[in-house]
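Before I ask anything, here is the structure I am working with.
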Amino acid sequence: MSSIPLSAYLVTALLLFCMGLYGALTKRNAVIVLISIELMLNAVNVNLVAFAKYGVGASIRGQVFSLFTITVAAAEAAVGLAILIALYRNRATVNVDEMNTLKK
Amino acid sequence: MTGLLSILVFSPLLGIILLAILSPESHLVKRIGTLATALPLLLAIVVYSLFERGVEGIQFQETVTWFEMMTSISPNEPYIISYELGVTGLSVLFLFLTSLITFLASFAVHRITSGTKGFFILFLALELGMLGVFSSENLFLFFLFFEVTLVSTFLLLGRWGGFHKERAAFSFLIYNGIGSVLLLIVIITLFVELHTTNITEITSMLKDTDSFEFLSYNMRMWMLVLLLFAFGTKLPIVPLHSWMVRVHVEAPIALVMIHAGVLLKIGAYGLIRFGGGFFPEQLQDIALVLAILGLINLLYGAFIAFVQTELRALLAYSSISHMGIVLLGLASFNSVGVQGAIFQTISHGLIAALLFLLIGVLLDRFGTTRISELGGIASQTPLFAGFFLAAGLASLGLPGMSGFISEFLAFLGLFESMPVIGAIGVLGIILTAVYILRAVLAVTFGERRPSFDRKMDLSATEVASSAVLLILIIWIGVYPAILSNTLRTIGIGG
Amino acid sequence: MDYVWLIPVLPLLSFLIILFTRPVIYKKAGIVGTLFSGAAFVGALIVLFSHLENGNFLVEGNWLSIHALTLTVGLEVNPLNALMLVIVTLVSFLVHMYSMGYMADDERFATFFGYLGLFTFSMTALVLSPNLLQIYFFWELVGVCSFLLVGFYFYKPEAKAAAKKAFIVTRIGDVGLLVAIFLLYWQTGTLELDGIFSAAEAGELTPAMITLTAILIFVGAVGKSGQFPLHTWLPDAMEGPTPVSALIHAATMVAAGVYLVAVMFPLFTASDVAMMTVAITGGVTAVFAATIALVQNDIKRILAYSTISQLGYMMLALGTAGYTAAVFHLTTHAFFKALLFLAAGSVIHAAHEQNIHKLGGLGKKLKGTALLFLIGSLAIAGFPLFSGFFSKDEILASAFSNGSYILFGLALLTAFLTAFYMFRLYFLVFSGERERNEEIKESPRTMLIPMMVLAVLAVFSGFIHTHWFGTFLGDWLETTPYPVLFSSIDAPYWIMILASALSIGGIALAWFMYAKQSIPRNWLYGSMKEVHHVLYRKYYVDELYRTVFVKGLYALSYFWSYFDRFIVEGGATAVKGLVSQLGKTGVKVQSGQVQTYSAVAFSGLVLVLLVIAALGGYFQ
Amino acid sequence: MNGELIVFVILFLITITGALLMLNLSKVVHMVMALVLTFLGIAGLYVMLAAEFVAVVQILIYSGAITIIMLFGIMLTKHTGEEKKTGFVKKGIVLSGITAFFLIMFFAVKDLSLGGQATTLHENNTEQIGIMLFTEYVIPFELVSVVLLVALVGAVILAKKEETKKEGEQS
């Protein structure tokens, strides 16, 4: 039995999530934004695994689920980066401030 | 007969579908368009003749539960919205009026040169909306149909309007949009509190003034004020009228006929049905305000109409003035006055449709509706002049025509409760005569102008449509019991 | 009696037939109209005689009932109604016949007869009405017919203006009547004349309310009968065809005001103030219009002012409780004034000229017309033994016995002035030599016969109510079903002698001035230029109204229209601006940057969470 | 204070420090490297939560693959080196929003306890996961493989230089 309470892990994850969110919303460099998003996904994973141990009806499923998340995150990172490079080729910048084609 | 009402309401759909599959260049478009408006007219006549007069309550009722919503807050009382149609005496008259005016207006559509097919499709959608509004027994459904009329009017106006059509369409949308939002607020509040949107149920539930804590006196007053704004924009009540003048001036004539003839009456219908039906107590308490608003409408519209140089604007202000009488009748809060108000809505619907039908002819033949550019046309177009004069006389409330009995009843009712306001209001009768005669005589009387010598008088179709309206106007004027028999089922205030 | 409804329906049929077959029927319209109105006249005579035998008659049915309110329609025959019915149908019939000649060259011949039919229908229905609503209904309809016929020559700007004026000015009066109807309904709960009178008798109405309603009804009568201050439309209404002036603006419709007061007489007699108002208005109008008539130049306008003056006379009689006198004068006036108008029409038809100074010497060319006009003039001047003599005498007696000597004086003055201006007119038109020598032909027989009939009546109709051969009319009128107050009048004989003297004096003065020319014609113009001017411009009433009411209305209307354009529309524009501004702000938020979007979305989430947390939410 | 807690605190500090560094360093490459620290810390936490397999995957995928991808991304694009500063106001708004969010969530979770613990997770952890994946979750597993394939192809297409398309656009 572990003596560390569930909330400890949850607060850690919360902190990570908030920092990731902060990065995603304020950083201008697209690569960093992508990385911040990975951080947020990680925070979620921590929660999943923590609930796998402490949750209601705790079981191995939480871990399986986190594996799926990691896979999808990896895919996302790859595609995201590919898009970034394509964008960079067209507009010669990785600054998200200048990426405002949504407006047009 | 069940389902008849649904068939009536959705009968314009047949025309819409037929037109949709037709090529826009086809010469059949106009014919099918007009025939498609004839179908609802026939059905409306059937409904009207099957309607049992002098029987209390709602007839032709159709109820299908549409959807229910459960909430965790009150799991035992689901929120139910049903598809409910039904007619009272008031709505049966409006159904008839709607389908008749739409049918007659469809002839005016024939003069439209571009996009006739699209016009007819939207036109039929508008008719569908209006028929739905008048036969809904459910607030939710009412609102849906109400929005259908708004959207189709907006599109018709924006696409086929006059020179400033965008401005007119925009201001139409803003005013009516705000109006319908206010209406929606009321509907939702009632729905949340009462778990139903059925009009009859709400009416009877609201009679119980104590059991709904949330719907206190003040709350009801607020809701009534919102309704007044919502339907007052439609009516329109001064100072919410400037959109309506623009619509009258800019819209294509077929649309103006419908607009002046039926759409404005939705405001009156809503006020009578919902304002008076749901919150009679509160309405009675603000009757004086209502009367003053009516008085302002009556005199303000008349004064401004007097100096208009454009016939359509003049008639728009004239409509404002006439709608003042509806408010006055309502404000009197006795059966006579309310009946007068209802008579006035119907009568004005017919008269306004006739006037605008003739204005359409004027536009077609002479290309203008400016009073100064016309004059003396009775020499060249005697039939037109005759009908125009008759319509003008009807509008100024000549006995023997529908306008008189409506004004008479409205003022008779008003004199019981508020003689002083009534005494000021009768000034409006004089002013109406002044501005109507000024307009009618300036157009038809006067020296013969040789430049008009080749202008064509009314065609057979135009004579027939004008005559139908005029006959109805005179019929109601001579034998008003035809209306009051049908209307016996409703009444507020006694 | 059961077929009394036929009398209004016949002219209505004539109207409808002519309306729908106008292009086909054309010239035959005159015959159709004459036949139908003749039939109506025969019907009216039958009604009259059967009333003499069977007494009053009333039939009613429901017209409209709304909850407690029940409005009825019906037909009533009482002495007054029967008498009016005969007058209306007779004059209408004669005018129909006359018009076949007079209007023969007009291209809207058929339309004219259609309108005449409609008018006859409305007027007969008006006089048969047993309740106020029905009276008002047809009251307005006759107004519209008058409007249509005044504006018959619609291409003439003057006719257009006159028609408009006629309608609007009378409508001002009508509104008074309408308000009275509303008040009476809520006070008595009914619009039946019967019910109103019994309620008034039973004291259900306060004296103030009786006075108010009576005066309001009188306002309606003032408008219709062209009494001061709503008289301005009647002279202008002479722009219509002359037969119309004879029928509507002399004999029947304008007398409807007097008829209305007579019908509502029980209400009036209950209020001294109302009676006084009626008497004073009548007396003042009588003199006022007579003085204007002294200096006018248009043959029809003189007759119009004369009509106003005579109607004032009748009002004076009513105001001094001379019910019989008023009705009597109404009857005789209808005949002789219609005669005068038709004769004037005959002159205009022949000479195509209405200015009396440009006419003259027509007596030799138009012998028949001249004689007929002379009979009419003698009758209206109150020359002894002519019909006007008896009816005027009755009025003078009534004014005298009522005790108001000022009114009596006014009546005497009017009698003198009437004799003078009528014979000024007669001598200027018919006596002397014709300077120009163009072709002037006597009118055709269709025009002369109706005039002759009227001339006979103008001479002899006075004998239905005299103190020598029996007061047949007065006795008959007393059989009315309503509580009308009949004052017994025993006037001294010297009134009759005085009246005759005044009449003959007026005629003599006119003869000296205009026929013999021993007194200079322009003495008034010469000696009192200002007075002449004021009279010639009709006391500047028209000018006053134009400045005060017409300009005032324009000023008010322009004010409100600018208010509408700038303040109300401005408000609307402000609302529109607000919406656009909101839209623009919305556009700014749409920067296209994903981060901003997500920041906004996230703040939304935070807000929702905050609200949930603040409300306790699901965390508790 | 037992050993478990000490280990947790150390791992916690590593994780947070990494994240903080990531936010505050100025060079992009340094940021990515700082994040590796966080990923490793998280992997340690997984071990503590009896999820050895996930911890290994974490190290492989995140600290390995994703970091490498990011580095390649940085290499392929041009960076001025210095990360440009965002506007103070915007930062403030975002920061206050996040703080509010943090506080709400913090008070929501600080005393959260859902009762029991799973005790058998560490026994043949990989086996358990494998059984679960290939029985109950076999369909999602296959789907994920498709997702990966699609992502792979997509990434290749996106990143590839497209001469033909440009010509097509010009025509």
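Note that the chains are named A, B, C and D in the order they appear, and that numbering of residues resets to 1 at the start of each chain.
Definition applied: a residue touches a chain if its C-beta (ideal position, glycine included) is under 8 Å from a C-beta of that chain, and two chains touch if they have at least 3 such contacts.
This one's a predicted model, so the numbers in the text were calculated from it and none came from an experiment.
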Please work out which of C-D and B-C is bridged by more C-beta pairs in contact, and write that pair.
B-C
Cα centroid separation between subunit A and subunit B, in whole Å?
59
Taking each chain's centre as the mean position of its Cα atoms, how many Å separate subunit C from subunit D?
99
From the mean C-alpha coordinate of subunit B to that of subunit C, what's the distance rounded to whole Å?
37
Taking each chain's centre as the mean of its CA atoms, subunit B sits from subunit D at a distance in Å of 64
So which bits of subunit C are touching at least two other chains?
599, 602
Could you list the positions in subunit B whose residues touch two or more of the other chains?
none
Multi-chain contact sites of subunit D, meaning residues that touch two or more partners
90, 94, 101
Can you list every touching chain pair?
A-C, A-D, B-C, C-D
What part of subunit A is in contact with subunit D in the complex they form?
1-12, 14-16, 18-23, 25-29, 31-32, 34-36, 38-39, 42, 45-46, 49-56, 58-61, 63-64, 66-68, 70-79, 81-86, 88-89, 92, 94-95
Which positions of subunit B touch subunit C when the two form their complex?
170-171, 174-175, 238-239, 241-243, 300, 303-304, 306-308, 335-336, 339, 376, 378-379, 393, 398-400, 404-405, 408-409, 411-412, 415-416, 419, 422-423, 426-427, 429-430, 433-434, 437-438, 441, 444-448, 479-481, 484, 491, 494
What part of subunit D is in contact with subunit A in the complex they form?
2, 4-5, 8, 12, 15-16, 19-20, 22-23, 28, 31-32, 35, 38-39, 42, 45-46, 48-51, 53-54, 57-58, 61-62, 65-66, 69-70, 72-74, 76-79, 83-84, 86, 90-91, 94-95, 98, 101-102, 105-106, 109-119, 121, 125, 128-129, 132-133, 137, 140, 144, 147-148, 150-152, 154-159, 161
Going by the contact rule set out above, which residues of subunit C touch subunit D in the complex?
599, 602-603, 605-606, 609-610, 613, 619
What residues on subunit D touch subunit C, complex-wise?
90, 93-94, 97, 100-101, 104, 107-108
